[in-house]
Amino acid sequence: MDYQSILEEIAKEVTPLFIDGKVADYIPALASVNKEQFAMSITLFDGTQYSVGRADTLFSIQSISKVFTFTLALKFYGSDMYKRIGHEPSGNPFNSLIQLEYENGKPRNPFINAGALNVSDVLVNYYKDDEKAYKEILNFIQAIADDETIGFNCEVAKSEMEHGFRNIALANLMKSFNNFDNDVNRVVDVYFRHCSIEMNTKMLSRAMLYLANHGKDPVSDKSYITPAQAKRINAIMLTCGHYDASGDFAYNVGLPGKSGVGGGIVAIVPKVMGISVWSPGLNAQGNSFVGTKALELFTDKTGLSIF
Amino acid sequence: MDYQSILEEIAKEVTPLFIDGKVADYIPALASVNKEQFAMSITLFDGTQYSVGRADTLFSIQSISKVFTFTLALKFYGSDMYKRIGHEPSGNPFNSLIQLEYENGKPRNPFINAGALNVSDVLVNYYKDDEKAYKEILNFIQAIADDETIGFNCEVAKSEMEHGFRNIALANLMKSFNNFDNDVNRVVDVYFRHCSIEMNTKMLSRAMLYLANHGKDPVSDKSYITPAQAKRINAIMLTCGHYDASGDFAYNVGLPGKSGVGGGIVAIVPKVMGISVWSPGLNAQGNSFVGTKALELFTDKTGLSIF
Amino acid sequence: MDYQSILEEIAKEVTPLFIDGKVADYIPALASVNKEQFAMSITLFDGTQYSVGRADTLFSIQSISKVFTFTLALKFYGSDMYKRIGHEPSGNPFNSLIQLEYENGKPRNPFINAGALNVSDVLVNYYKDDEKAYKEILNFIQAIADDETIGFNCEVAKSEMEHGFRNIALANLMKSFNNFDNDVNRVVDVYFRHCSIEMNTKMLSRAMLYLANHGKDPVSDKSYITPAQAKRINAIMLTCGHYDASGDFAYNVGLPGKSGVGGGIVAIVPKVMGISVWSPGLNAQGNSFVGTKALELFTDKTGLSIF
Amino acid sequence: MDYQSILEEIAKEVTPLFIDGKVADYIPALASVNKEQFAMSITLFDGTQYSVGRADTLFSIQSISKVFTFTLALKFYGSDMYKRIGHEPSGNPFNSLIQLEYENGKPRNPFINAGALNVSDVLVNYYKDDEKAYKEILNFIQAIADDETIGFNCEVAKSEMEHGFRNIALANLMKSFNNFDNDVNRVVDVYFRHCSIEMNTKMLSRAMLYLANHGKDPVSDKSYITPAQAKRINAIMLTCGHYDASGDFAYNVGLPGKSGVGGGIVAIVPKVMGISVWSPGLNAQGNSFVGTKALELFTDKTGLSIF
């Protein structure tokens, strides 16, 4: 397939749509991003990459990082993780305390905020130190993206911390149910740092290959998690990857994926490729408006939907 | 692939598991079913069928019928349906009024009870009569299953009606929000009748072919719905088809499917086949315990998971 | 105390306030009432009455009837009633299904709709017939008001029935939890009939005397309920009598009372008098705006608040 | 009335009831208290005191302190307080986050934990310093109790702080809704210190006199708050003073009051006296079991209920 032409077609078709999205405005560092930007990259199993748009521009990966931290937690603790965190979709907005209280402090899945905070707590347990936990998360992301230049944006992390009262509330609520082990502020700090990691679509599409290939990076041949663990992560991405628009994404795009409020989305075509797209304007559910459209056009044009 | 041998292997492997399930006991007609029964059938696009176990035994299809009634509603009203019913997963038990009230009488998806009742109401609107609505639902199911002998179990429908207070409450709540048009008792009667339709796994695996083939029955070449509508139904089956175990089913089985409390499950392998399995013992989430296991073994042995 | 002068002062002071309330508009029969009307009556233990305004004008007593039906249920079943209905305030709007589902079909108190429907169900149990139940409720109200002309407004009851889907939902939800015994439609019919009973402030202030006097009518010397039962009803009126403005009423008025959406309010001064006030315009919480103000002026001027 | 004899009768009658309560066990300092203890004191307007039992034994006043901090907040900010905190009963357990989230971070009343935390935040605003805020709260309590020896138990406060994750969650949730101004940890520290203040029933019955007397201490003749403010506090005590047993307390005791998990209860007879009772065993709703019974016997024997 001529992927390069397809990406260029998509870029042309989404240009008129910039107008509709709305950038995240809960912190100044995200609010100031120009929403008329677009990038899309795919990486095949042999490492070949195709890109269009600002594929070298770094952006805040935000909730996309939850896929990577959950991978590490699953790698270290296996199905014991499911004693702490569920794997079912949530019918409430992504940061709701209501469901968490109703279900006694057990988050429904690792991609809602409570679940991802719990995953960070688990990693602080494993590495016995918050500083080390963050570093190892970053090391893992550098490894799967095959790029040692990746780092986090300190200003974004600080801003998040200053507006993170609801996340701190979620962590304390879990702690009151004995489902959170470490000091809340230290864990939330790790969490906001990994959310503030900056990558571009080239890096992200490369980083997703291990999930497209049953847990093993097809380029480096390095195995990170078992095939069953990779399948679980893909299933959770499909059912819970896009907040309260996960059903829409499953329908419109038809691929396992995960979005972040920085405007990035990652997705995989099982056994074929990793994909990433970026455009900062968000739809009402908090997913990149143009990015979702671009992925929809991609599966339409290539027939690569899983359905 | 030697499907017959695979089905026979599966039948042998699930036999020791009969002990764990629990038949639905909310009405006598379902409670009296012997749980040590199993059947599994697949139907390919050329009509070839493979079966194992009691594939000729009729059982109550229950919530599986929601797939078929939603197909009709979508066929007649298209995306206008989404003004009345959402397509996102629900984080609460399948019959909860809480979420319905919180979201002003709009059910989250067509496979929770409120959504399916609303679909029945829509069909009574379309056919302008409840009696005719039920008959046309039955006609449609007979057509896609290519079997005119299919009918409903009157005793089961009557029992359901006598214990259906929560469903009647759901319908009245929607009515109070102006999201339900017809007389509640008439619509609920249609609903319980289509839930009480009896089929076997041969019929059900045949009936699912149109969803495996983008809306068109590959045997009769008859087109029922558009490819986009079929994709939407498949996406909803994957994200919402198994109550509060939809994420588990996506992971363990990896196919779009729908279960019923009668112990039946239907699923599709996109572009390949329709599948049905039956075993009356249910797991804690209300899905066939042995049936789910059998489907899991099937995708393990054939590699036909969508992930 | 010169009650007549006090009532006349109050009538003068509330006249400029007619503008602020809003009549109930969920059914035409209530929506068409002219909101610029006011009446207030008090009845002392010797039967002496003082009135001001349209104290002979009949209005729909609506939820005020819940005080009288609960009195009968308590009289017949005593504290067994508390197995079916609680006696604690509800923090949600008066007709919410959420709390009812969360608490397994047990209404929090007899003055929210679910509780009052349950009370009607109990009375249909006691009288073994819905027709008789309504008649005995009416007889009781005629007895305590000492007025045999009291009846219900058939048109209002019919209108209520046509818009009563939420109440029917509440009753069916209780039935699904086995906390409702009779046919829902018959009980709801009793409920809407007793809500549609019409009285004036003279009758209502007279009718409250038994609650001001420990369960015994001080004029006729007839004992209806025990002192403990009367105290319980007074306590529930104080904590739950005014929907989500019960705390405000306790503070501003400082008397046990009960309001209805027809614009009527009843209250008692323990050991001293029965009071009733009427003005059809409602505040945001569904209580008579001018009526509440008038009662507030009354306790201010007389010092008769219980605090 | 021979109050001393009445108190002695009560003490005798409640002795057999020690067995039923259960001391608070969420922190060791409270869990280790011997539950077979009882004290009761009343203070009349001329300062005369009557006591029975261990009326000199100090105990942790816990939530009783919420009455005093709310008094100060109301004194300084008047009805502006109701922009931040409501005055209606809550239908959920006293520390629920669900209602707080549902109502956008505005606590329903000042006696649930969220409300009292918010009051502490207001006092830190007023005094511009957390240390000073605590000291002024203590000063106020010493003044109304006319006893400068009163202080807090440092060990209890520390224990509370170590188990206070849910309170910290509540405060952070309010902060995320912009309804909390100061650093959460500093305010929670103030809150736990005033909850850990230790008093005996003599001191507490004395301290309540200003609420029995329209805001003015009848012994010292010092006016603390306006009559309207005192009435508001009394109304909130009656409707919300005893968690989810406020309706029961209104019925059984019939006096405005407030309980704490340390086993203390305060109450007033309007215009007559302040009362305090203590016994550490709690009922299922978290109120002193024997203490509630003692107050019930007191209003039975004296006829001093407000109903």
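Labels A, B, C and D are assigned to the chains in the order they are written; within every chain, residues are numbered from 1.
Heads up, the rule we're going with is that a residue touches a chain if its C-beta (ideal position, glycine included) is under 8 Å from a C-beta of that chain, and two chains touch if they have at least 3 such contacts.
A quick note: this is a predicted structure, and the numbers were derived from the prediction, not measured.
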Problem - Proportion of interface numbers common to chain B and chain C (over half same, under half different) - result: same
Completion exercise
Chain-centre distance (mean CA atoms) for chain A and chain C, in whole Å, is 56
Exercise for the section: Compute the distance, rounded to whole Å, between the mean C-alpha positions of chain B and chain C. Expected result: 48
Fill in the blank from the handout: Here the gap between chain A and chain B, centre to centre from mean Cα coordinates and rounded to Å, is 32
Practice task
Find every residue in chain B that makes contact with two or more other chains and list them.
Solution key: none
Exercise for the section: For this structure, give each pair of chains that are touching. Expected result: A-B, A-D, B-C, C-D
Exercise for the section: Provide the residue numbers of chain C that touch chain D in the complex, in ascending order. Expected result: 86-92, 99, 108-109, 231-232, 234-236, 238-240, 244-248, 250-251, 254, 256, 270, 305-307
Fill in the blank from the handout: In the complex, the residues of chain C that touch chain B are 96-98, 101-102, 165-166, 168-173, 175-176, 184
